[in-house]
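Each structure below appears as structure tokens.
Next, two complexes with chain A in common: one pairs it with chain B, the other with chain C.
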Partner chain A sequence: MNWEFIEKYLPMYEKAALLTVKIGIVGILFAILVGLICAAVQYYKVPVLRWIVAVYVELSRNTPLLVQLFFIYYGFPKIGIRMSAELCGVVGLAFLGGSYMAESFRSGLESVEPIQSESAISLGMNSRQVLGYVILPQAMSTSIPAFVANIIFLLKETSVFSAISLMDLMFTAKDLIGLYYKTTESLFLLVVFYLLILLPVSIIGSLVERRMRYAGFGD
Partner chain B sequence: MAETLLKIENLTKEYEGQKILDGIHLEVKKGDVLVVVGPSGCGKSTLLRCINALEPIQGGTIKLQGMDIRKGSKNITTLRQKIGMVFQSYELFPHLTVIDNITLAPVKVQKRDKAEVRKEAMELLARVGLADKAKSYPRQLSGGQKQRVAIVRALCMHPEILLFDEVTAALDPEMVREVLDVMLDLAKQGKTMLIVTHEMQFAKAVADKVIFIDQGKIVEEAAPEEFFEHPKTERAKQFLNVFTFEQVEHHVE
Partner chain C sequence: MKRKAWRNVLALALTGVLALGLTACGSSDSKTADAGSAAAADGKAVYRTLDEIKESGTINIGVFSDKNPFGYVDENGEYQGYDVYYARRLGEDLGVDVNFVSTEAANRIEYLQTGKVDVILANFTVTPERAEEVDFASPYMNVSLGVVSKDDNVITSLDNWNADDSIIVISGTTAETYLIANYPDIPLQKFDSYATAKEAFENGTSVAWANDNTEVIAFALQNEGYTVGIPSLGSADTIAPAVSKGNTTLLDWINDEIVALGEENFFHADYEATLADTYGLDYEDSLVVEGGKVNAQ
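The block that comes next holds the complex of A and B.
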């Protein structure tokens, strides 16, 4: 292991990691937004929209992110939509993540028995209060494990961004290997940086999960 | 003469072309305790759900203090605050502690002072013997305890009328008593109640009037002694017979 090499190229990895995290966070935020909207459409069985959402969910879950990215990066310009590579990454992540988030939110909402709403309604709550005080808190504690798993999954998926020449971690590692043949060092740094990003998410995620579960069941 | 709280006229409820309730007339005066009995599927639970506008109705009117109760009408959330409902399956909110279950609606819906509601909730909890459970979660309670909390939750809204939908049907036998005692206490305090139950002894003890429903119609309406001792209709006689047992004769050869 050449530690001098590692020290020299550490800043490059840091920059790449920042880009990965930046696109990851923005993409995931939009994925959550898309997911919330889709879950609401399906939960309230909004006519027409629910079929559009159903098609979107199947399309998004049954095609690889790489294919989706190519579609956005190379296909969209042909119909006049031109975006930077970074924006393509965000859009791709939101498109893929939106459906996964939607499914996790929907399963949470559907886990709350309808009679719980009736119980809240009979206490004089309006539909906004029923949702806010009774349904969402229960739905969230059911959704949290799938939600955390989705975030980790989406952050890992960012590794295909290198294919649309985004200078993310994967791109940097491949670049350095290509330039200097320092395979061991480059891959070592790659693994370390992914762990640095994902381990905290994983740990915080399981802490939140445990807290929510305790809040839900009072053990 | 006590004021009429609830007036139901010619109520009809249909579900998929089938009449669940068919021309129900009912009047509940302030302080009345009415017990509704009848065979399974006769429509007695549906009647309570209609009174709380959890079900749309197809004909007739339900009026609380002269105001029309109808699912989807504008002032329905205000009206529902005057109608306390206790469900067979308790339906406490599992993510909230006992005290938060009770104070949620008074504070958030009725915008009452939190400290004052809390104080009242604690008094009511003490009255049903559950003061030490205020900080527990519903999961940690027995069925009987949950149901007592559900009753307190309904009471804390200061409703004009309380609806009880087979509230002991899901309980183990030894827990039925503790819930019925709470209801007897409420009746003594002069609360207006409409109770659907299969507990005939309890009905006899608590009711001012017994309503017997069969196939969506009120078949008999009488004072409890009269209904249980001398039912007028053949249908009521048959129904009451289900609850009596002939002594088993032991033959010794």
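The block that comes next holds the complex of A and C.
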């Protein structure tokens, strides 16, 4: 292990990690937004829109992010839509993540038996109260594990960004290997940086999960 | 409730079948992989000696699959090109089958260091830094760097560069190393394969593309609207076969082979078969190196 090399190229990894996190966060926020909208459309069975959402979910979940990015980055300019590589990364993550988020929210919502909202209505709650006090707390506790898993999954998926020339962690490592042939050092830094990004997410995620689980018992 | 229970059973059964299927695929995959890297697994030497290659009946040669006309896969799925033509002859004279392994610029050295291939014939430019990691045989082609740009904005010099513009390079190429060392202020847009770099350049991602001059000349000839504004940049280099560091038996054999091929002007024939369509015959003598001897130009 050549520590001098590691010290010298640490800033490059820091820059790459920052880019990964930046695109990751923005992409995931948009994914959550898309997911919420899609889940609501499917839960309330909005006519027409629910079919569009269904098609989108299947399309996005059954194609790899790499393929989606190729379409956005290399294909779209051919029809006149030109975006920077960063924006393509965000759009790609939101497109892929949206469907996964939608599915986890929807499964949470559907896990609450209809009898509960019927009971709440018969107790005199209005529809907003039913949603806020009865359905959402239980739905959230059910979807949190899948939600956290999705975030980790999406952050890891950023490793294919090298295909659209984004200098993310993966591409930085590959580039340094190609330039200076220090395979061990480059890959070591790569693993360390991914762990630095993802371990906190996992840990915070499981803490949140534990706290939210009480909601399932009705307090 | 009963229907739900059935659904659960069905789901479980499906999961089971899927899991079985996956493990089955997994085990057969690992078997073939083991056979390939057997030499790498035991002992320190990751390479196979000449005798081991002959015994196995197959030589693994790393070539490009997307660098027309040097190494590419044609419409029939066959490997073609200047490097590939030479690789086939190498296998023929060695009396073994050739197993082509597709490489990208950035992993050529790794493939040799980990024993994934026996020889790299992927337009591999000889540099002192690379020679510390792998062993180069005698050269078979001349090369230097070049820069291609659009007809309406031909770039003829890299001095006084506008910092808003970027140049496309492929990760792990000599163009990348040269620009980082000599023009550190020019923003580089890096791609990991020839195919994606070409695509992005055609989409107008950057104003110019720096690469081996053979490659940029070919690009300008094959695509309308592009000019090679800087036909040669940096030092004149050569392209040679590379083997794993220390694999002297294979290296010596390749060197002897290149001398023998020089006597029949093999690389001229190679040029005429693979490159003449792209470059015409004008570049033949300046590109081809015969018998491993570079003529002073």
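In this text, the second predicted complex is superposed on the first by the 216 of 219 C-alpha atoms of A that agree within 3 Å, B and C clash if a C-alpha of one lies under 4 Å from a C-alpha of the other, contacts with A are read in each partner's own complex, and residues count from 1 in each chain.
In the analysis below, a residue touches a chain if its C-beta (ideal position, glycine included) is under 8 Å from a C-beta of that chain, and two chains touch if they have at least 3 such contacts.
What you see is a predicted model; the values in this text were computed from it and never measured.
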- Query: Touching A:Pro11 in the superposition: chain B (first), chain C (second), both, neither?
  - Reply: neither
- Query: Should A:Tyr133 be classified as contacting the first partner (chain B), the second (chain C), both, or neither?
  - Reply: first
- First (chain B), second (chain C), both or neither: which does A:Pro114 touch? neither
- Query: If you stack the two complexes on chain A, which partner ends up touching A:Gly178: first (chain B), second (chain C), both, or neither?
  - Reply: second
- Item | First, second, both or neither for A:Ser141, with chain B first and chain C second | first
- Task: Go through the superposed model and pick first if A:Gly80 touches only chain B, second if only chain C, both, or neither.
- Result: neither
- Message: Under the stated touch criterion, which partner chain does A:Pro47 make contact with: chain B (first), chain C (second), both, or neither?
- Response: neither
- Using the touch definition from the top, say if A:Met167 reaches chain B (first), chain C (second), both or neither. second
- Is A:Ser122 in contact with chain B, with chain C, with both, or with neither (first, second, both, neither)? first
- Message: Need the overlap of the two footprints on chain A, from chain B and from chain C, as residue ranges.
- Response: none
- Item | Footprint of chain C on chain A - complex, ascending | 73-74, 77-78, 82, 162-165, 167, 171, 174-175, 177-181, 183
- Enumerate the contact residues on chain C facing chain A in the complex. 105-107, 109-110, 113, 129-130, 132-133, 171-173, 176-177, 180, 189-192, 196, 199-200, 203-205
- Query: For the complex, which residues does chain B have touching chain A?
  - Reply: 52, 54, 77-78, 80-81, 83-85, 87, 89, 91-95, 97, 104-105, 108-110, 136-140, 153-154, 157
- Message: Which residues of chain A touch chain B once you look at their complex with the stated criterion?
- Response: 115-116, 118-126, 129, 133-134, 137-138, 141, 215-219
